[in-house]
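First up is the structure itself, then whatever we jot down about it.
Chain naming follows the written order as A, B, C and D, and within any one chain the residues start at number 1.
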């Protein structure tokens, strides 16, 4: 692994490249500024979506995730990614298969049909944790890359569920009141505001968004109430699926419940892009359902 | 791989204060393990003379276990350290005479570790079964 | 096993039907199946309620994760798998993080969903995702609005995934076919007239 | 190799233990097999060998068959070796002519479903035991006098009770407490369940008794530094920590007649250094020269040298007459000799902030049960007014989180066991707020109410009747409103099957308890084991709950496992009684397992001398050459020297090399080589 140069196979997933391409381009450009190089993971597919696939057949879930992992093993490179859902599939399946011989053998039997073998030779990281890791980047280096500090803005961090939980298997420490992404946000010059029930789910996961949209949106609505209560100018997250839920979800909430929030929702990479001087156009912020202008006006 | 039906001969010398009590506790808790091991009670692993080990292997033991207190917990302060030191030497000797040194094991099981005793029993039997009959036991016949 | 009332009035008998729990309501293998798929110690639940108390879905619905844990322990397979609430878990893992028995209730739900699927019990949104991945490799595939946006950003119109490298599609399809997932999804959707 | 001088005549006695043994292996086969073993002249079986008729079988058989060795195949020698040794002795044999085969704890109970495997193992075990029995020799236990004094470590209610009992039984008792005052946790409590008497009111008289009992030498601010010796003759080195303040006696010894600390407090008045008072859990200040609280015993100030800036103001304030303060003192050491020791070192709460979901230390109004005790106590930091730490307001809705970190298998700070008194003290707390704060409502979030003691269930009834709300559901998490600092408690009312969120003014966590961090060092010094969860290990959970596996060391109170005050005191009295027995008898018999030098074989190499952890061995000159010599009184019989001697010159009595080799041979060669 070319870790000394901090090169990673960049696993895109579905929602980032196909709905919020700004997250993808922002990731590539912002990470380059702190010495991380992202290389395309050719032929990767859906992670696969843990809620959708895990719910109906975990074996398929393991096998499809393993296929993506093998692509990176063939590049001999660790994976990094920018989506919590992908993290759950790719990181967790890597972890499980490394530690469970029986499952690994089962998965490899299937992979043999497509001439692949899971070896367990690489690791998987969320790009945000690489930003936080002082051995790779760290808060200080990230702060140094900022050319347009987000001073004067209040940002509510949504950590999401699948990055850090279940906490025991992961390595992020406190899952009840984590602060590390808040630290990253403050490194960009913004104020990371603390709001009620920060770790509550956005409501989208587990297939619930597809199964019962109003139920799912009602959870989102609760989060939005908590976020607006502390006067946040924007929500940031590290997961395009949470982004979709907050961003498109606000429109759906307006339609279904008649409540309007209008809080811009930005992936941390988009936020970082802005702080490093990228323009809203370069980040395709116009694709967002909720207008980012009120937030942009505060910083541009 | 060894014959599943083969019953290895394994002898254990265990310390009265920790492992023997742990083994009794395993009994109290009805933890089930294979019956291949015969335990001899000593007062301390410090008592284990390397000659006992050589004698056992000479007599055809397929495996041997020495088990005592955790470091720092020896009823006699440091008998287990002294035994552990000797074990390195004995393992060396075993290797030199062509015996796999995994046949000899030293473990640390306290009086409260009934479950661990069960695991040690399983594991020692498994290891010895994997190694098969001791070459010396053939010679004994 | 329920006692026959022989009132000669089916309506009345239905109303007064004994509602005891009978052994034939339960499937003794259910708990084992759940444990096997979930790889968690589902039988150790002591019904403390921490999970439901943690659950974002509970307050806004009749979904009770603790109830599913209980059904697992008792082997109430039909009751668990036929309950539409089974699909309301957002897999947020809050319950798993807090369960004092160190059980992963989330994984129990996932296991029950897997088992439900074996009986063709599955909401159709899950099946549609299967079809999408089978045909495109992505659960959320690209579209034209996005393609032009990508272009403007200096990205390739299609990402360097299966979208750009369709030669990887047969591999994905083979894996899905191995488990007959597409086949089953198509069949269930067809039966439902979708 | 055999050393037997007489023809072995061994009797083998096999026990059924009801079905404990007989249900898992064939007693009949083992008995028949035993008869075939060399030296065995009789083999018998019986339902319960340890019963009186069972023992009579042994006694009778010794006479009838003129036995010179007895083997009982039954439970563990750790349980019944003493029993059968007595039977052997009653039969007229030396009691060391007895050997036991453990076919229950290490056979029938662990191979319950392997009839054949268990039976064949039992035969081997009997064969091994017979092989040893053939070589047993008469031994005489060594009798040593017992020091007529005892040591108690820790002066909580457990240690105090034990010390009082020992002292009242006429035994000189050293009571060692590491804190400046005695009293332990109980002195921090306000009232005690189920009677609700004031903790200080019932404790203070005991503290006073301890202070003035002529047989108790109270040593506060003192810790155990080193332990040497064995039952009857322990030499304990104590570190008397530098206190900076002289007692009247110490002052007098320095020629300051009528001087020494009288507890006037003038010094603390002037001391400029302010620190949190640990007794009040940091909720009240103390000075660098301090007492914990007004009822301390001894009433003697202490200088905290870690924070003292040596300004000398206190010295001036104390004055020339008393001259009680000496800022230059250092730790001193003292050795005491005692016959037996009792450990009563108590417990701590777990660092409950490690359970992040409840927000302790993050939310102002989440407190622990112990903090509640101080806040509700009339002599506490608020004068007994229960107030919210955030704003000093009186709380009206108070949530009690039971099992906070107990019965929790998630690791980290959590503990799998039940802490055993938190249900009861939470009931007590509920009562206290209803009594003190008109209109206040306690909400107890519980999984089970474990009110199993005498009058405890009745106490539960009473508190429910008084209006406390009980919600059966473990608390999932707590959220704080940042403005009001109110707390929302989330759980499920599991009886309704409904999620619940309730806003509280204050939340009290019934935090789990854990062993003291220093318990580890203490137990290693005294040679006591710990149980899986770190509490000090008793010799037997039912039959010897006060003793330990180290003769002469006993346990009292929570250091052995969670227990409330009644159980602590009961165990303390038990421990005191057990510890006084050897002292009253005046001598103990040590098992004669000591080393002996076979001088003809000793090469005088001296390698063994440094191996002995007790310094029992020396090289001496005899007949013009060096040989090793054992000081039997020092030897504890570990056999470390015997395991090492290159010449085989050390004979470990009752565990001789020939005996052990015979056991090995018996198993592996089926007794072939003799």
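Here, a contact is a pair of C-beta atoms (placed from the backbone, for glycine too) under 8 Å apart; a residue touches a chain by one contact, two chains touch by 3 or more.
Since this is a predicted model, take the numbers as computed values, not measurements.
Taken together, chain A and chain B share the touching chains D. Chain D has the C-alpha centroid lying closest to the overall centroid of all protein C-alpha atoms shown.
Just to note, of B-D and C-D, the chains joined by more C-beta pairs in contact are B-D. Note: centroid distance chain B to chain D, computed from Cα atoms, is 30 Å. Inter-chain spacing, taken between the CA centroids of chain C and chain D, is 51 Å. Between chain A and chain C the centroid-to-centroid distance comes to 24 Å (mean Cα coordinates, whole Å). The mean-CA centres of chain B and chain C are about 49 angstrom from one another, to the nearest whole unit.
Shown for chain A are the residues that touch two or more other chains, namely 168, 175-176. For chain B, residues touching at least two other chains: there are none.
In chain D, the residues that reach two or more other chains under the touch definition are 357, 410-411, 477.
Residues of chain D that touch chain B in their complex: 76-79, 102, 104-107, 109-114, 117-118, 120-121, 124-125, 128, 524, 527, 529-532, 537, 549-550, 593, 611, 613-614, 636-640, 642-644, 648, 652, 655, 657, 660-661, 663-665, 667-669, 673.
Here chain A touches chain D in the complex through residues 168, 174-177, 194, 196-197, going by the rule given at the top. Partner chain D is touched in their complex by these residues of chain B: 7, 9, 11, 13, 16-18, 20-21, 23-24, 26-28, 30-36, 38-44, 46-52, 55-56, 59-61, 69, 72-73, 75-79, 82-83, 86, 110-113, 118, 121, 140.
Residue ranges of chain C in contact with chain A, taken from their complex: 37, 39, 56-57, 60-61, 87-94, 96-97, 102, 104, 106, 109-111, 113-114, 117, 122-123, 125-130, 133, 137-143, 145-146, 149-150, 152-155, 159-165, 167-168, 170-172, 174-176, 178-179, 181. For chain C in complex with chain D, the residues that touch the partner chain are 46-55, 58-59, 64, 66-67, 94, 98-102.
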